[in-house]
Amino acid sequence: MSVDLSPFTSLDEFERHALEVLPAMPRDYYRSGAWAEVTLRENRAAWERLRIWYRVMRDVSDRSTRAEVMGRSAAMPVCVAPTALQRMAHPDGELATARASAAAGVPMILSSLSSTSVEDVRAAATAVDPAARTWMQMYIGRDRGMVRALAQRAHAAGCDALVLTVDTPTWGIRERDIRNHFRVPEGMRIVHLERPGGPTGHAGSGIHEALSWTIDASLTWRDFEWLRDSTPLPVLLKGVCRAEDAARGVELGAQGILVSNHGGRQLDGAPATVDALPHCVDAVAGRVPVLVDGGVRRGTDVLRALALGAQAVCVGRPILWGLATAGEPGVAKVLALLQHEFDVTLALAGCSGVDDATADLLRP
Amino acid sequence: MSVDLSPFTSLDEFERHALEVLPAMPRDYYRSGAWAEVTLRENRAAWERLRIWYRVMRDVSDRSTRAEVMGRSAAMPVCVAPTALQRMAHPDGELATARASAAAGVPMILSSLSSTSVEDVRAAATAVDPAARTWMQMYIGRDRGMVRALAQRAHAAGCDALVLTVDTPTWGIRERDIRNHFRVPEGMRIVHLERPGGPTGHAGSGIHEALSWTIDASLTWRDFEWLRDSTPLPVLLKGVCRAEDAARGVELGAQGILVSNHGGRQLDGAPATVDALPHCVDAVAGRVPVLVDGGVRRGTDVLRALALGAQAVCVGRPILWGLATAGEPGVAKVLALLQHEFDVTLALAGCSGVDDATADLLRP
Amino acid sequence: MSVDLSPFTSLDEFERHALEVLPAMPRDYYRSGAWAEVTLRENRAAWERLRIWYRVMRDVSDRSTRAEVMGRSAAMPVCVAPTALQRMAHPDGELATARASAAAGVPMILSSLSSTSVEDVRAAATAVDPAARTWMQMYIGRDRGMVRALAQRAHAAGCDALVLTVDTPTWGIRERDIRNHFRVPEGMRIVHLERPGGPTGHAGSGIHEALSWTIDASLTWRDFEWLRDSTPLPVLLKGVCRAEDAARGVELGAQGILVSNHGGRQLDGAPATVDALPHCVDAVAGRVPVLVDGGVRRGTDVLRALALGAQAVCVGRPILWGLATAGEPGVAKVLALLQHEFDVTLALAGCSGVDDATADLLRP
Amino acid sequence: MSVDLSPFTSLDEFERHALEVLPAMPRDYYRSGAWAEVTLRENRAAWERLRIWYRVMRDVSDRSTRAEVMGRSAAMPVCVAPTALQRMAHPDGELATARASAAAGVPMILSSLSSTSVEDVRAAATAVDPAARTWMQMYIGRDRGMVRALAQRAHAAGCDALVLTVDTPTWGIRERDIRNHFRVPEGMRIVHLERPGGPTGHAGSGIHEALSWTIDASLTWRDFEWLRDSTPLPVLLKGVCRAEDAARGVELGAQGILVSNHGGRQLDGAPATVDALPHCVDAVAGRVPVLVDGGVRRGTDVLRALALGAQAVCVGRPILWGLATAGEPGVAKVLALLQHEFDVTLALAGCSGVDDATADLLRP
């Protein structure tokens, strides 16, 4: 692709461009929220409502966006959120994202619904940076053996964390996908979840039908304990909004809490993640890191998340828009814009680094 | 009708389609609220403002949408709200609604302004399911003998409750009806309210003129007591917004309270029903079931209503949109979509059934 | 004019029609608020925000819209607010308004900037109803003798109150008037304020220039006392928003307080009158009647005003829209619609009359 | 230019006209806020939300807009805010602004990024009025010698204050400028900041690149102390939003606090200045004057600012719109409109002058 990326000045512009160039089926799959998309819109709007009471006359000349994220240093407090089937956005798919994330120095969370194997993704990432970090997103599906096998495979491939999605006892309803008869495109496969005996690729219409067996409505905390005990890797819980669930997860050994509503794709009407974040931060009380995703589009949002007690944010759709626009360089520019915005935000808010992003920035 | 229903993914789409295909007079009669339609819009908007703080990691694999509704089990906590003259929407009118409701396992409230007799409606319903439930909506009009006769007729036909509308001392003003010179269409009759000596069908312009004698501005609680004593059936009160009125009704023997503002068709400026609901629930204090209608369009709304203390919701206009779109299959799909959405909502909120839909779901 | 008024179902429709048929200069003069028209919009929006918690099962069959307004009974708690130069809207101007108001049984407040003399207006009103009430709106201009003469003239003509506007130390700035080079049209005169020595009619551009001498920025409460002592008529104060000013006026002998911001035409940014009303009601504490104008467009607004403690409302622009649409029958229909809406509102709120419009209707 | 200014009735109209006539590059440079322009919009909207509870029956015939501004009397409590490169708006640039400001009797804050020298600006201003006041806006850039030299030059040229901008450790990101490849136009120079050894005029794209050396991210309060000690002129701090920063500045010798967010051009998400103002006023506690800029467009805003405790407001973009529309007469009309609006606002609020603009005007 020979798209000139120099006029792209924000993540929003990548979105606008990607919505123009993507075919309807992947475009709608990526952008949709559940039902009336109330939560999808709120995720974004709730960040914008928070005012940043910046400080002046602090020496911010020697500043850094670096942050500890889940026990290791990252170039900024940002992770790439897991999104499915990235080859629908660009032929290089998850490989492009892996390379760009590694180059940018941020962890990539690989979706278990990826169109590229974790081994290939790890190889691509470590070729760029041997210290590149990949976390494996997991569902606990009905076939526990397959779950355990994937966890082991992720570990073997060098992932350094698992991210267990807990907001998906069933798939959320995204109406455009139904109308589009969404299915995994010809020639693409959900590589980690193929069952012996048959391809998953052409199994019908809608991710609901195609992938119902990859999740399990019977999950309880015991299943989390089982996964925790099945892997040497730390496990984060993704998809929590309630304080009590965050606390319970931590008590049972979760090594991190990712406050998320699945990008507004599961329960429409769920609170904006930034509104849920302080409740979860309070409940976790510093025992493990709290991360947040959903509607993060600006460097200012990263600062807001930190000021509310998050250790890092995750960005999902913007990565896809970068990928759809220009493959790896598109993802790289998305991450570079976000880092640049965060760096400028730090400076303008009077912060030299993430430790200065304290709660008083949001309070008059 | 050969409308392909498979692309219909929400009640809103039935609305869009029905507004396109219906002639102006019934379309406007159905969709209008009173005056500036502030309450009509608020009914919907107020549901959407409520955030659902879903729970995770509850086993929701063995879940059910079934609910007790007014003393008996229904397939979901949903009733078909009474709407007038359904044959304006489709030639099969109330018969289609009765069959689809019976098949869906939910009570149908038959409007006393129906274009089909209660006996025919009951026959259609019980042909589908002998246990089908029909409730007769009633006004207490000036001719009390006629009211008593209709109550008896409903009882004889097998209805298992009466629903007395109490928000209609006079008809609300719906401006589109006035401009359309609304009248009961040629060949259609308000079958239950024909007076000896003349048809009601062509009595003038506007429901106000045509039907002024079917209501009575002099009603007081004594009239409710009279109706209560005139029938062996339980009587629900429909149209209450104030706590004191809900409490008074219960004290005088109402067997259920339906919080309603008549779909925004009576007093424009009345509170959204979801805002009135908690006040009424508090006042009723568990003595009888509280139901609510007005703006319910999503399975998430059903959960919200339950979390606020309602036993069930009623849906009116969406039924008409289903009817107008495709007759009985249209109504069936509307109810199926709502049930499916409610089922998914239960799952995503961490509920196995209606008993789990507790107040904490709406509180952070 | 042969406009068919039967399709006009609300005051808003008169507005839409009048804005279409009026020439730009009077149209803009009538509709404009000051500067950015924030207060103009808020006047309307603030009414709509108030929810009416209607009562049910009250006998409202024997109800009445009649109300005591400033010591005498009116057909409804509504007055015609003073508006200038009504002959710009229709050749019959204030005469049409006077006849329609008299026929409707409501007081008319005649603007001192009228295009018809108070004597002619009184003659027209009393020809319809000998008991018709007219109140004379006054400014205290620089020429006190002229003010006193007009007060005496109003008294002699049979007016039963004066309404002193106190929000006009200088004219508000209405930008459309400036751009339109607003002036009193050829052949029309501000009949009460002609000075010996010259016509006012063609004095320049803008009401500001044309009429600066009719007001006086030096007014204080002493001037009110002077006017009070110059006339046997009761004097109301129009244009108050602050509690302390309402209280002061009453202490100094005002016989009524009209909470008004001059229809948003004076200080843009002033509070909506309905927001100011409760403060003034509290301050007046029942000593004299409190009236309110500004954004009243619906019968529900009349009820809201009463529930907040007002004795009556005044409507201004809708009268002009009726006048522009169809002269006297237009005004008559505007008043009839408002009365009908108020009557229906009473019924639907469970009120038999204005005494039932108590504060609890606005509180859950 | 022969634009007829008589139809211009508000600052907003100057904006509309200027946006039409300006070439894209300066137009976008002037109007842009940072990133998504949330703060830019909030700056304006927050003023409009404040209601003015005007007083009546105060003698306002002998009123004045005059105000003490930073120790000397000004024609109104308004200053011209510093804006860069005014020759992009009109060939006369800062000279036109200086003449119009001097004629209007208000201080002009000259941007250190001006396209005209402070000496020429002072000459133009004092030719109109020998008592004309000019304040020099300053950044503390990396080359402290240059800063000191400019401070001395400003003093020598007759400026009577320095205004140190403290919200600019780095330049805010204005996306339109990036897309427009903003640069200082050919033939124009940032005259005060030319370094020996090279022009600044054509240094690249974007003010960020062109001017990065003119600011310094390492600034701390010590640098303010250094500047304070480097000049006999009083120094104001511009760009503060936090109470603690305002207080600190005063403690260290700032002679005034200008609550500003750089017109929404630095940190998007910063609070509206009118929301920050009361916090700073409280913190300063009367020790020095507090000024405010950002979104001031109406005379009512001036009153609001005073009622919140500001001594004066500054207006920036409207000056540019006046300049772009008609050069000096355009600026003069902008200032005349604002003064007229403020004068009318005073009258309508019941104030004879700035001392009457007390806090109770904003409280019911």
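The chains carry the letters A, B, C and D, assigned in the order they are written, with residues numbered from 1 in each.
As a convention for this text, a contact is a pair of C-beta atoms (placed from the backbone, for glycine too) under 8 Å apart; a residue touches a chain by one contact, two chains touch by 3 or more.
Nothing here was measured: the structure is a model prediction, and the numbers come from that model.
The rotation that brings the Cα trace of subunit A onto that of subunit B spans 90°, given to the nearest 5. Here subunit C and subunit D face each other with different sets of residues for the most part; under half of the interface numbers are shared between them. Centre-to-centre, using mean CA coordinates, subunit B is 43 Å away from subunit C. Between subunit A and subunit C the centroid-to-centroid distance comes to 60 Å (mean Cα coordinates, whole Å). Among all residues of subunit A, none touch two or more other chains.
If each chain is drawn as a node and touching chains are joined, the picture is one closed loop, every chain linked to exactly two others. Within the complex formed with subunit B, the residues of subunit C that make contact are 7, 9-10, 12, 48, 50-63, 298, 300, 304, 340-341, 344-345, 347-350, 364. Here subunit C touches subunit D in the complex through residues 35-36, 38, 166-167, 169-170, 172-173, 175, 178-179, 216-221, 223-224, 237, 239-243, 245, 248-249, 266-271, 275-276, 279, going by the rule given at the top.
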